[in-house]
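Note sheet for the following structure.
Which chain is which? They are A, B, C, D, E and F, in the order written, and residues in each are numbered from 1.
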Amino acid sequence: MFFHRQVLQYKATPEKPDAVYARKLQEVIGGQYGEITVAMQYSFQAWNAHMPGKYRDLLFATAAEEFGHVEMLATMVAQLLEKAPVGITEDAIQKDPTVAAIIGGTDVQEAIAAGAGARPVDSNGNPWNAGYVTASGNLLADFTSNVNAEMQGRIQVARLYHMTDDPGVRDLLSFLLARDTMHQNQWLAAARELQEEGNESVPVPSNFPIKKEHREVSYQAINFSNGAAMGQGSWASGPTPDGLGEFTYIDTPPEGVPMPPPTHPDARFYGT
Amino acid sequence: MFFHRQVLQYKATPEKPDAVYARKLQEVIGGQYGEITVAMQYSFQAWNAHMPGKYRDLLFATAAEEFGHVEMLATMVAQLLEKAPVGITEDAIQKDPTVAAIIGGTDVQEAIAAGAGARPVDSNGNPWNAGYVTASGNLLADFTSNVNAEMQGRIQVARLYHMTDDPGVRDLLSFLLARDTMHQNQWLAAARELQEEGNESVPVPSNFPIKKEHREVSYQAINFSNGAAMGQGSWASGPTPDGLGEFTYIDTPPEGVPMPPPTHPDARFYGT
Amino acid sequence: MFFHRQVLQYKATPEKPDAVYARKLQEVIGGQYGEITVAMQYSFQAWNAHMPGKYRDLLFATAAEEFGHVEMLATMVAQLLEKAPVGITEDAIQKDPTVAAIIGGTDVQEAIAAGAGARPVDSNGNPWNAGYVTASGNLLADFTSNVNAEMQGRIQVARLYHMTDDPGVRDLLSFLLARDTMHQNQWLAAARELQEEGNESVPVPSNFPIKKEHREVSYQAINFSNGAAMGQGSWASGPTPDGLGEFTYIDTPPEGVPMPPPTHPDARFYGT
Amino acid sequence: MFFHRQVLQYKATPEKPDAVYARKLQEVIGGQYGEITVAMQYSFQAWNAHMPGKYRDLLFATAAEEFGHVEMLATMVAQLLEKAPVGITEDAIQKDPTVAAIIGGTDVQEAIAAGAGARPVDSNGNPWNAGYVTASGNLLADFTSNVNAEMQGRIQVARLYHMTDDPGVRDLLSFLLARDTMHQNQWLAAARELQEEGNESVPVPSNFPIKKEHREVSYQAINFSNGAAMGQGSWASGPTPDGLGEFTYIDTPPEGVPMPPPTHPDARFYGT
Amino acid sequence: MFFHRQVLQYKATPEKPDAVYARKLQEVIGGQYGEITVAMQYSFQAWNAHMPGKYRDLLFATAAEEFGHVEMLATMVAQLLEKAPVGITEDAIQKDPTVAAIIGGTDVQEAIAAGAGARPVDSNGNPWNAGYVTASGNLLADFTSNVNAEMQGRIQVARLYHMTDDPGVRDLLSFLLARDTMHQNQWLAAARELQEEGNESVPVPSNFPIKKEHREVSYQAINFSNGAAMGQGSWASGPTPDGLGEFTYIDTPPEGVPMPPPTHPDARFYGT
Amino acid sequence: MFFHRQVLQYKATPEKPDAVYARKLQEVIGGQYGEITVAMQYSFQAWNAHMPGKYRDLLFATAAEEFGHVEMLATMVAQLLEKAPVGITEDAIQKDPTVAAIIGGTDVQEAIAAGAGARPVDSNGNPWNAGYVTASGNLLADFTSNVNAEMQGRIQVARLYHMTDDPGVRDLLSFLLARDTMHQNQWLAAARELQEEGNESVPVPSNFPIKKEHREVSYQAINFSNGAAMGQGSWASGPTPDGLGEFTYIDTPPEGVPMPPPTHPDARFYGT
């Protein structure tokens, strides 16, 4: 069960309205790596978890916090839009270049569809969709996905930080950046702990009988391009991170095998 | 520039057709973590890379290989569909339960739209879309995304391995599993190397001035649920993976701050 | 069968071109509540209707009118775009702030893809999709959906009215506003008539055996947030609109029941 | 802020697994009218609300409950999938027709992507997307949208009730049906109260200066089809629900006005 | 303006219900090349047309017919679903393999969401979307798109013809096949006439100053693969269809030019 | 197999950055008719081809070239974005109208999500999706689709040519225009050759037994609108392009047939 309390985790009030910035902030609400994504992702990972206890508890705890992040950002967006002009006259444009900037820079659906409100979309107006969510039932893979999500999210917030001078907005972003720092660290710690406790290891899934894979190509760095430096990385020689082999470097891909002949399905498929 | 050679990296021929399995295999062609995703993701990461040299070379090399994986799987799907029946009579269903199974188990668009061919869609027929792609310009974040993609992909191939008995299909999957093993290891090695060389570190992005974030909440594990075990993980106490702090555990979230008052936009937005 | 006549229901000619406004108008062509949505929604409701006669006749009649509304708006958009500049020089921007405004404010695909024409997309360029359509086979539910669609649509047109000074555009919007007024009234009348004639009633679907639902929670207003005023509404006490009960107010949600233990699927799913 | 408690609002345990039914249940998790939609819709309506007090409190309260409904259904789905077979042999199909049924009837991504877990998608595997959400800033319109959502949702749950014999599943559905009954009643009550208190009225938005619309067509039932019964409804004569007019019936649409001439954009758009 | 008449262009009644086939028929209603696509495509081409007269008249005429095709197919689908079972018992499956077939073969949303009705989706349940529509303002390009659409559509209907034995369904398909034959011929004739009248020619757009393109590569068949037969086609030597050149064959692609150095955007984008 | 070489087919360097134009160029990378579409389309056509030899060789050859076109454009976009400002101050806007133009004219996700890099999306930020791809297994239909794709693509590039003055950008576009010229010619030649060799003919699919279609309507130009000029085209009289009939013109559509009665599905679908 989820409960709501009419407070915010942190203050979310801009110093002044800025409809152009409101659009940009949509990215971290409803974008690929916005707060809706992590809230939904951690929720589904928790619901699909197979081990009770600390990992699942962590997922539930963080999921609920992320819904609160959506709320802070939506609240911020509504305030940034509060003084958004409905219509803009030709005169106003001629007199003030800022007005010209506003015309193209705002999310017109925030005005037309939401009446100066936040929306579950990204900064280009694409509706959030569940194709962004990862919840495989394998926690090492999913925690790695979570580390990535928090990295991407923190990068985006850091970029957004420099796109405004508003102290109120920056203050909220500073809070979110700190929480992203925590969440990066937390998922890294959880992924490490999972492995130390022997729940899972690289290559994921570790309990697939590894002999069934073609081991002769499991550690080959094959250069399908012609970059001369490809062989200089730690992925081209030396022990592999999974501790099970040694990297080798193949500068020219093997010949390959002949393609099978083209198929000939039933004539009533009317192929040529 | 890309060049094509009319061979396959590995043999991709089923022992016999299986239209039901053809549908399942679509997941690793055109699904969220299918081969199209990694091919496109590594390509865009390479095109957006800022450092010449080994990392970019690795991206280009792997991207090109992944397009070849799409090809092997598409070739396999076409063969699995080769004997797919066009129509199925009531009689056939009554006589053979396998026919009944085929009816619902196949991707009907592989028949109706592609004429018994592969399609750039997932196993539920959702068209592949670029919302699956991550290419942020920050390599540590992106390599982490790549590790995740190869983990998720390998899990899916491992599951698919058990959904068929066909030796030809399994042989191809064994090859792909091995390459996923390589790619997991390779991105892990590359992410480690990036950090060792001082290009980037956790929290990503590391060069955002960390003092600007609210450091007092950067390492707090806050329990927004009521799982009793949340405080038992390595994310709740001890040093943080980024080496910059100590985790603390907050069993009950702080009070929060009052919500700002609701907004009052221009009356011509016709809100209530 | 549908027939087309090369006239418009109402005059749709702007006084002068305005490529920025053309983009905004796309919302009511191809947006969630644009004319394509209602045209398609009423059509599918008619095709799926189970009662011949007045309700279905009304659906067919209104559906056909709505396709004509798409046409008026598309015609308007093409004219608003007629003088849209192909390219814009740096000089032009420096000399005239309006030109700067145009750059970001227009739908670039109206230019690049449609050659200064209307498109079946919304004001952010999202293609119209059938996920907007509701046609359940239950007319009371669907007429309620229609009332909502006409309310949302009229709100959007009203907002758009204030975003232009062009008398020609406003004249068309005034016509569309009036038809939205009609359609709001019409679906309200039809929903009322359906109930008066005993075809359906609240709670929809009324012929589901109501004893099979957990009646003890059918009229409880449960406060899953902490808003103090929640209990002050007519939904918290007094008779219910369906005439079958009395509202009660539950300020603190019941304890809930324990979660079932996590699942343990087959090991070959490679969960953790 | 949102908080999570590791209990369910109601018991959600099936008597036995049923992977085919698990797929169907996805509709009310991640479909157009599933629980994710209402949870997100009520949340955004609350965040965009302009009046503090009872209406907003109701939105917050109900939003949080709906997230708990997603959770109950996801929990149920995971259990229905718990014994889902990974692979199915030809032998098994030949021996048991139920096995044949399972092959096509299950959501293959629940297996391949989620490892026998719930997903934020509908029963055809379409990812949930925010194009389903309505939050206009106008509460009468939005409450009408909510009434519709609860009607559509209850219809779908009622249909699903008959698609299973499992007492555990039916028990949960009985609970959800009751809550849908409550929510239909609650939004109807709230919509009525909004009007009684003078916050808004039909036609929505009521404070758009009604004289600016073309009043001569505001109450005309125009028959753009040829259904003979169209004129028999209460929408064709008598007073209008908004109390502002009288319906009239127009059996044959007016002539219309000439289309404006086709446009001639700049030659560099390369039209014909 | 569009008008509807409550008749069908052709009889659309199946001999008996077939819920499995109803799903397949959705492809030509709401698929990429279904009737909704052509109806919308021809409508937008007409609205964006720049020449009055026969071409635009043809577009309007055909668009309206296509909406009627959607109607015939939707009507057919509803009838195919009329006896669709709501629930299916384990007993029924064990007794009749056809029941097993039905379970997986039907579109479950036709039942759950539409109550045994047609939907604006394809045979995999993907909602129709306007990304399928082409309307560029250039009629030669668009008529070519139309020829393709009618070819693809006719292929799909031909395939569907063999997926049923129902004489009523086949009769309707026979009608649609004939109309597709007409429409293929019609757009071919129109494309030819456009060129004969000098409105447009290959390469489209013909009035782009051809000297501005790099003419040295305008007729080179470059082999980026290694297929030995590539040079044997009429595209590798001889006069070009546009009448402006001679094809040449390049067996090995030119060397190419060096890539520009990677970019170095502002440090505050936090790239690596 | 695909191989990559770190060169470009043609020089792709702008004279100076232009973040506004970078957004526009996204259309031909990730739009409906962008380079990703043709690369993927030709690939899937090749993988689904049934005839070995020249046609398939041509498909493979062109597919690989198109992936290289994606690369040139992505490289160009990254350079156009290289100097894109992160944040823009109010002062800067007031001083320079160009800055105002930039605000709305850029793709904000190129900054926030990609860190000043190219993305697999169109010029309105819609992610590329596989619903754009056509690969039916019938080469005449598919080559016609390819002709259309190259026409639409060349039109878009021609429009884009006039939207910039940058010599470097124009130079690249001149190269792409030439290749589009080639590809239009090539697919036209291939379509002609397919027919001359007797592989396929109009109406596609030609081997569907034509007697099974309702031949009485196969060549009727039926006017479902009221355009007076519809009968003046070559589609209204004279021999048909397929050589199998004569066009006739029907000014008024036939009466049609009665609609079947509405359906009455099982009561447990809760229709009305």
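In the analysis below, a contact is a pair of C-beta atoms (placed from the backbone, for glycine too) under 8 Å apart; a residue touches a chain by one contact, two chains touch by 3 or more.
Since this is a predicted model, take the numbers as computed values, not measurements.
Between subunit B and subunit C the CA-based rotation angle works out to 180°, given as a multiple of 5.
Relative to the C-alpha centre of subunit D, the farthest chain centre belongs to F. Distances between chain centres, each the mean of the C-alpha atoms, put E farthest from subunit A. Between the CA-based centres of subunit D and subunit E the separation comes to 30 Å, rounded to the whole angstrom. Touching of two or more other chains is recorded for residues 1-9, 32, 48, 56-57, 60-61, 63-65, 68, 75, 78, 86-87, 97, 100-101, 103-105, 111, 113, 115-117, 121, 124-127, 129, 131, 136-138, 140, 155, 158-159, 162, 205, 208, 224-225, 227, 253, 256, 262-265, 268-271 of subunit E. With chains as nodes and touching pairs as edges, the resulting graph is complete, every pair of chains being joined.
Contact residues of subunit F toward subunit D in the complex are 155, 158-159, 162, 268-270. Of all residues in subunit B, those touching subunit F in their complex are 1-9, 30, 36, 40, 43-44, 47-48, 57, 60-61, 63-65, 67-68, 70-71, 74-75, 78, 113-121, 127-131, 133, 135-138. Taken in their complex, subunit D has these residues touching subunit E: 20, 23-24, 27, 31-33, 97-98, 100-106, 122-126, 155-156, 159-160, 162-165, 224-227, 253, 256, 261-265, 267, 269-272. In the complex of the two chains, the subunit E residues touching subunit F come out as 5-13, 32, 53-58, 60-65, 68, 75, 78-79, 81-87, 111, 115-117, 126, 129, 131-132, 134, 136, 138, 140-141, 144-145, 147-148, 151-152, 154-155, 158, 161, 170, 174-175, 177-182, 184-186, 188-190, 192-193, 202-205, 208, 210, 212-225, 227-230, 232-235, 240-242, 245, 247, 253-260, 262-266, 268-271. Every residue of subunit C that touches subunit F in the complex is listed here, in rising order: 1-6, 49-52, 56, 86-90, 93-94, 96-97, 99-101, 103-105, 107-109, 111-113, 115, 121, 124-127, 136-140, 194, 199-200, 205, 207-208.
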